[in-house]
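Next come the structures, one after another.
Below are two complexes that have chain A in common, paired first with chain B and then with chain C.
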Partner chain A sequence: MKDGKREGRNGEAVLAESHNLVHEYSRRDEDGNVTGIVRAVDGVDIQIKQGDFVAVLGANGSGKSTFAKHLNALLFPTEGTVYIDGMNTLEQDNILAVRQTAGMVFQNPDNQIIANVVEEDVGFGPENMGVPTEEILCRVEESLKEAGVYEYRKHSPNRLSGGQKQRVAIAGIMAMRPKCIILDEATAMLDPSGRKSVMQTVQRFNRRENITIILITHFMEEAAKADYIYVMKQGKVALSGMPLQVFGQIGKLEECRLEVPQVTQIVRKLRAAGVFVREDILSIDELAEELLKIRNCS
Partner chain B sequence: MSIVLKNVSYTYGKSGSDCGQALKDISLEIHKGEFLAIVGHTGSGKSTLIQLFNGLERATQGEVYFQGENIYSKGFSMKRLRSKVGLVFQYPEHQLFEATVIKDVEFGPRNMGQEPLQVELNSFQALKDVGISEELLDVSVLALSGGQKRRVAIAGVLAMQPEFLVLDEPMAGLDPAGRREIFSLLKKLHEERGITIVFVSHSMEDVAEYADRVVVMNQGQIVLDGKPRRIFHYEKELQQIGLGVPQAAQLVHRLAERGAGIEQDCLTADESAAAILRWLEK
Partner chain C sequence: MIRDITIGQYYRADSVIHRLDPRVKIVGTLLYIISLFAFRGFAGYAAAVVFFGVIVFLSKVPLSYILRGLKPVFFVLIFTSVLNLFWTPGESFFTWGVIDLTWEGLYKTIFIALRLIFLVLGSSLMTFTTTPNQLTDALEKLLGPLRHLRVPVHELSMMMSIALRFIPILVDETDKIMKAQAARGADFESGSIMQRLKSMVPILIPLFVSAVRRADDLALAMDARCYHGGAGRTKMHPLRYRGQDFVAYIVCICYSLLIFVV
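What follows is the complex of A and B.
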């Protein structure tokens, strides 16, 4: 069934990989005749290692969500191939295993919760997979605790806040013991504290359990927390690198309809004014620390 | 010329466990010409509040006045109120339903009873105002990008010629350039057309940059109301209710906590950088 484990350049296990991935969809008129073809993803090559925290940035319509849906076998390549944990998503026999390996959290918290009680929702995935009941109960408890929503286990999901619902969705995925969680703009509809709680949850899963995180987002401060960033523009990867490398290229980011976080803007303005602040600063606390050091030295 | 809420409460549900109070004794005046932001975490009552402004929801206690008239009094025209106070919902592009762009925009003003010629003129002007070019008028709304769809939805409300434009998270889900486009549109409507803007937002950076007044909601009550510069002083208090302040303000607050004698009322990256430079030169 599997095509075997694939290895990256330095021999680490590769979790997600695409080769020249192309996705086309056709536009149709009211009678169903094809009026045009749109290339939403246009030759994307990426390689994401097991345990990486990767952010995918890009404007509305840049193809990032279409790309994400390939990693979960919700869409299939028009051209090229996608491997998830060594499994080719084009092979029918792999689809279930692919979806269990890479779980997806969607944008709207109200569209993905199905059960009437939180713990039943979290148990739905493993139950469908045929996991024995004892084991399900164990997994549900553990996932809910780790996602920080255990206290709501008996609640009705529609009484939860957006951030809590998204964490229940994440717990539901974790209960299926995946290797990877894909968040497709999962924080877009949340308030600041909801966004923070979701980010902290995925960061915790990433660090403690080595779960690969693929975060599709518009928020630069979230992307700043990733190990690696891909920026998409018109279906192609326009820019990629570690956050500092990517945020260093303001001109290119603006061409992609993006911007840099405020902290990076401030660092650049200070440097331009002749203050020797370290360039590799991405958090407010770090910048405050650095500035106090500079002030004490002078 | 204002919207006034006087001791307004809103309770949903009848009784028992389904009953909840979304708004508690709120008094608020929105003046003509303001650019007002309403912030608060999910469930703080923001969305209920803005639906009171045009009578879409009815307060269970208290009064709402529009231009001095009690909107709950007998004979008050809700229809007129709704054309004067335009409400743009969250993700308004999900509500586009007509076959073409222009037809969708014309739906509102026609429903309001405007003359056919007026409907056409106002719709055309509204689309021009939001920056939708003429060649898109007869295109299907499905063929537009996310940002374009949102602007068409706003045009649909503008075509009713409101004096107050109330928007529930107008930037949600848009990329940074798209957010800026929507804001420059709101700014233009505010400056050139004199339309009062009220917007709900979760982005403190956007609030700091654009609003001239901020109303902070928590648990159905207004807890802070004032200019952004004053409101964002209260970083701890805002954090306690699930909100924050812009990174630019956070930075100067962190420095001040560590004993730096630095100006603290910074809202933008430019202001923070300037304040830091002045402090370093001291």
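What follows is the complex of A and C.
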């Protein structure tokens, strides 16, 4: 099991999986003595297939970011194991390959751009991997175009908006030819239009290139776009399923200090009031269409 | 906008000098500075001035722009000039009371002033025509052999370029913190020097805290993108000498030979 590719539920290749993953932070006082232990992740079993778009939801302190950092070998399990594309993250020799396979976009756009010119930042990953110069230029051009930031390639990152910076960061990961992109609350600091552009970019990569997307977020509207949702609470997976199944369990979501998306709330209230709208509506556009249909019929 | 400040003083233009390999420019500037101190006599000065003039012309950087670089050394210039002019013993050509001007003093004043002026102008011309990134790249390459003496050359140049990347961000942040403090009644403009220095403390502490936090984030982001030091790293834009760079080297060497021989 260590190195061979594993197969998931429906026979597709499993890209990321964790077995009984536990991560503990130790709290220390000024002299470095351990004063307490916090279990940030507590026995998480997750299996993510190649090409899936998965959202990990959770309120602040639910352990979702800590979990994400394990998928990129930035943190290592206290107990349990994490496999990325069949590689155990605990093995020192696998670390670079794991990080190349599963790229990570962080929350703060400014703190993850390393170079002073956009295209050089996108080239940073391939440079570290020792990719030959011509190949780097090729990859950088391609990823910049796909992320929709090609026109800014010669700019300083300081002049870009938050959404553009995050797309540069995504391009920087795509240039490493990963199989998976992890977005660790990558939209949390963006304005609505920046958030939308980032989401569109990752969805495009997901659909066109079969890149696995793992979206760590607390925005329900973003999670609604995923194929599968895990909801975390106090380090454990409290709830999982397709978006509709998850959003259906309002009580449980509220226990996890999360709110059901607005569209789902409206659909529920409409149905309760006797307006017959379809139950499986997740986006505003779909709802608008459905309502127009109903108006035209009556 | 505070965000628009440029680090260094790069003047964007498309010229032969701009396109030269930054290593040539660093070596050339060094040779030029050494040459300024190596020669004596008018012929040498004339050569240095003409050489500089030609390069300025080729670089397409406006002369007024380059002369601006003299501002910070203006006082040093005046100071040394006055000292040299009035306190050099020799054959006097003008005496009035205690003031005694000598021919030797006059020559010395002019020569030393010229040396200083061209020293500053020469090095600022390099920064006008080379981006800070190119400079750090070139330094990494030029100092490369020091690696064998266990000098962390790659790490140093990486640090320099990251510092360059974060200066505008931290300037922006300082601005934000100052505004936040001012909104809470902080006063940075009045009071004695001590009071003003004290009022800087509430700016500096949050700034340091945030800089450390940023550094932490950045280290994580670099790790996540497979950064593992200089070993096995390739370059997206490696420095490669082209024909024009060899020509430039030959020109520099010819100039130096001329100066040292004259």
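Here are a few things to note about the model shown:
In the analysis below, the second predicted complex is superposed on the first by the 293 of 298 C-alpha atoms of A that agree within 3 Å, B and C clash if a C-alpha of one lies under 4 Å from a C-alpha of the other, contacts with A are read in each partner's own complex, and residues count from 1 in each chain.
Everything that follows uses one rule, which is that contacts are C-beta pairs under 8 Å (C-beta built on N, C-alpha and C of every residue); 3 or more make two chains touch, one makes a residue touch a chain.
These numbers come from a predicted model, not from an experiment.
Once chain A of one complex is fitted onto chain A of the other, the partner contacts of A:V38 are absent, as it touches neither chain B nor chain C.
Looking at the shared chain after the overlay, A:P132 reaches chain C, while chain B stays out of its contact range. By the touch criterion defined above, A:L90 reaches neither chain B nor chain C.
Of the two partner chains, chain C is the only one that A:I173 touches; chain B does not reach it.
In the superposition on chain A, contact of A:N111 is made with chain C only, not with chain B. Counting contacts by the rule stated earlier, no residue of chain A appears in both its interface with chain B and its interface with chain C. Per the touch definition, chain C reaches chain A in the complex via residues 3, 132-133, 161-162, 164-165, 168-169, 214, 217-218, 220-228, 232-238. For chain B in complex with chain A, the touching residues are 40-43, 143, 145-147, 172-178, 202, 204-205, 242-244, 246-248, 250-251, 254-255, 258, 260, 268-270, 272-273, 276-277, 279-280. Residue ranges on chain A touching chain C, taken from their complex, read 72, 74, 96, 99-100, 103-104, 106, 108, 110-117, 119-120, 123-133, 136-137, 140, 156-159, 172-173, 176. For chain A in complex with chain B, the residues that touch the partner chain are 27, 58-62, 107, 161-163, 185, 188-195, 218, 220-221, 254, 257-259, 261-263, 265-266, 269-270, 273, 275, 284-285, 287-288, 291-292, 294-295, 298.
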